[in-house]
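Structures given as structure tokens follow.
Two complexes are shown next, each including chain A; its partner changes from chain B in the first to chain C in the second.
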Partner chain A sequence: MAEEEFTDINGNSISLDCQTHSAFCREFTVTSPKLSLRKVMVYTCFIWLFAYAIFFFTENTAVLSSAILLTLAGMMIHIHFVKVDHETLLIIGSLGVQLSSSYASGRESTTFIEMSKLKDIVINEAVYMHSIIYYLCILIKDPAEPETVTSVVPLFQSSKPRLNCLVQVYRSCQEILAQTR
Partner chain B sequence: MVLKIFFPQCCNTADSGLLVGHWIPGHNSAVVLAVIHYPFIPGQVKKYLSQMQSQSEVDLTVLGSWSMPKEGKEGMDSFLKDLSTIFPQKCWLQLSREIGKRGFTCQVVQNNGKLVQDREQKNGDDSGEEDKIIFVHYDQRKVMLSQLHPVQEISQKSDTEPSELRLVFQTVAQSQPLFFLDKYDDGPLKLTHWQSEGREASIIAELLKQASVPVCIFLTWLLSLWHWFCSFRILHFRPVLFISSKLSTCVQSGYRAVHFKTVFSPQRAATHMDFMRKANIFVSFLVDIALGLLLVSWLYRENRISKLANTLVPVADRVAKELQELLEWLMGAPAGLKMNRALDQVLGRFFLYHIHLWISYIHLMSPFIERILWYVGLSACLGLTFALSILSDIVALLTFHIYCFYVYGARLYCLKIYGLSSLWRLFRGKKWNVLRQRVDSCSYDLDQLFIGTLLFTILLFLLPTTALYYLVFTLLRLVVVLFQGVIHLSVDFINSFPLFAIGLRICRPYRLAEGVKFKVLCEEPGTPLHLMMEINPIKCSSVLQCYRTPTYSCYPKDSWSALCKKLFVGELIYPWKQKTTKTD
Partner chain C sequence: MMVENSPSPLPERAIYGFVLFLGSQFGFLLYVVWAFVPDDWLHSAGLTYWPQKYWALAAPIYLLVTLTTCFVLLFGVNMMNTAPLGSVDNITDRYARSQCTAEDQEGVIPRLRDVPISEINRLFYLDHHEP
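So, the complex of A and B:
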């Protein structure tokens, strides 16, 4: 088990946790920073003050209740569908790779990619606006045509770690892939 | 190479015995399906396995031995080693589990007697032989019932090899005959598999299954009667065919007949997709009938039918009166525009006379309307879709005069536009070459030019009047078409929505699998890796996409731009095109 201080591409601090379950099975968990209470309070106060201002002019209480409902619904949608708590990559030699994202409300969405479909795990560069970012991705191949890459699945899309974190994950994965190919 | 053993959860606490299963070809993995307990006679085991193999088409073999020593009983290690000589295998697995420990240990013996792995004798120096065995625990019943998506049927010859997981799922699903006998039966062999945890059955389900075959046969006979009735010669004349293709009720009933043929066939569904289609059609038909009966019970309470009939004639009257006022308005100076008085009066009077005729017919029919509505309302017992189709047809019939006006206005306008464009070409000295399908220059005589210019001016100055009438009636027609379109969309929705598949996804999510999920079970040092395989159900949107019943759905024939062009030129628009053949 190893935990070090890493940051994501925007400078927020994230943490990487590597667990070695066996010689050919490893699990990497990247944890994003949690929802900050200050931001939530600021947004809520802003919306409610705005609604109160409208109420002051229109004298219609429906504005206030709709603002409350909107804030609640927005918050629930945000923590259930948008805010990712941690992302996990579980690599099992000769079986496959499992990607899982866990949201702030506890919901987990998992995908499993079998080893026969997996061509390689690489670090790619991407030009995003004015900066160049690195991301780890899985190259998928069709078992019938082993030479062509049919699709690319990027990993850790919500946490977006920086290169030093990615290199560590990449090296571990390549060790396992080399052993059990 | 890593050896993967798929082990069912129900056998975790089974007594010692032989492991029966299947080696997956091409991948270094084995699926354990059941455990045969001591005492057994090897000859009977072999006979039983070959019998099961012929019934289930799965290559069943004895994979190895399973040892779970109970308290007070001696370990059977030496006995287990000797078994490998009785059942000759390429690879013999010796799994054992100790009480108090959660992990299994495994020894693999190759054919030449050489011990490949031996956990107890791990030397201090790392000879590179680390444990390369993975135990994948799976829930046997769920994997047996589950279907991996995208669906690939077993009988289909696909060029790609099925993946390992798909082979595992197929093996467990096909080994159903193996799961009939278990250790509580009085047979020669005592097996443990998922049925040993407690067999579940429902009397109602069994009774329904037994009753379904004669009911299906009876309903198929009824359906053949209906087909015989529909094949009468008198119903195949052109006018009848034409009308029945336009009335949505006839289309809907024909469509339902096709559905019934699928659902009521006495044969079992061979493939998963056939089964789902049958189930979806059946469930949506039941829901349709239920909604229809609900509608009927609401409609016939408190004398609503007669109230409806009593309001129908005044509503038709009112619509006619509104149309009359509209025409009077057009005949005057609508929106401040100045119309050509003569043409205006002609067109206006022509349409007013039509409305007068229509109103007379409605008044003629008014004593019978209540009776007709009463019987027509009863047809809602056949389903909500029928009621909606009938409503759509009634609306079409009641607004027939609007349709007629639209056709007259459109034809007049169309003629005018064609005349204008042709005379405009003459005005500029050009002509349309029909042979070459292009515009050519042409020298006209003086009298041709003179008459052409005169006609052109006349048509041009009459254009605003005709255009206005056309615009008004097209808008009315579009309103009616929109209303009919909404009804058709809802009928389509009821027809094609896969209720059974959605219900299955919500209540039994393991039946429709998109993939699997692995969880690492807490390991103890000295044991191989244990993983728990769970089924990952597909998303609801994929359910809809995959299991939607194909319909005759009416999609717009033209794109928006083509529609606008047609409206501008004055061509008659038929916004709904019925597909006669079903397409997926």
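So, the complex of A and C:
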């Protein structure tokens, strides 16, 4: 049970929560900042003023109603599909790893990776847009071929924590993985 | 016997350069004459088969727009060619997979090789107690 001040790659503050359920089971939750009311109001005002400007010149009321519908639909799509509230990594030694993303509307998307397919959990650096970032990823192997990495699953993609947060999660995971090797 | 490729000046390169220089000057003079001289004068001189005058403006503008678009497209192509974060290309490639893993002899400079990422992570991020 530990909570400290961390930030993501853009400087927004996030929080990391580590829970130790037992000697071989740990859960890490990275929580992104909540949707800011100020941003929502600014976007809505911009779109509605723009729509009113178009209405002013064209005298067509459909522009106004479509702007309202567009803002409503856009907000619903955003909180249901785009805005991630928290991401969870649950590691159970000798069983596997569960990744879960919880969206702002309450929707949860979960995947499970069994231990025989998991080669390692590492911190890798890669080019992302205009910069190079550190990110935690799971190396997947085929149980028949233990030395080849067949695919890579990046973790905490929506919150993108910085290195200090990743190192803490990495050390904790390696303790569990070392027990089960 | 190996042919050395070097960027130094050679007599042939001087001749190519001069031919290109003369050709480009002549081409520019021709373009300016065609763009400014009225069609009647050109026809009266016997030169009738020229492209339309519209192209005197259109061709340079096409060229500049193409250059600007290529500049933007270059960024796009670069971003498309960058491997995504979930790609195996960020971890290893066929050369690293098929490299020789033989142990080095004693007292010899170690062979250049690609160290696996798990090992690198352990070196960097796990605390080691000095013996």
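Assume the second predicted complex is superposed on the first by the 179 of 181 C-alpha atoms of A that agree within 3 Å, B and C clash if a C-alpha of one lies under 4 Å from a C-alpha of the other, contacts with A are read in each partner's own complex, and residues count from 1 in each chain.
In this section, a contact is a pair of C-beta atoms (placed from the backbone, for glycine too) under 8 Å apart; a residue touches a chain by one contact, two chains touch by 3 or more.
Bear in mind the structure is a predicted one, so any value in this text is a computation, not a measurement.
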**Request:** Pick one for A:V149: touches chain B only (first), chain C only (second), both, or neither.
**Result:** second
**Item:** Which of chain B and chain C A:P33 touches, first, second, both or neither
**Value:** neither
**Request:** Classify the contacts of A:A126 with the two partner chains as first (chain B alone), second (chain C alone), both, or neither.
**Result:** second
**Complete:** In the complex, chain A touches chain B at residues 21-25, 27, 90, 92-95, 98, 100, 110-112, 114, 116-117, 142-144, 180
**Prompt:** What residues of chain C sit close enough to touch chain A in their complex?
**Reply:** 79, 82-83, 85-88, 90-92, 97, 117-118, 121-122, 124-126
**Prompt:** Inside the complex, what are the residues of chain B that reach chain A?
**Reply:** 1-2, 4, 28, 130-132, 134, 136, 159-161, 163-165, 515-518, 520, 523, 528-529, 531, 536
**Message:** Going by the contact rule set out above, which residues of chain A touch chain C in the complex?
**Reply:** 119-120, 122-124, 126-129, 135, 137, 139, 148-154, 157, 167, 170-171, 174
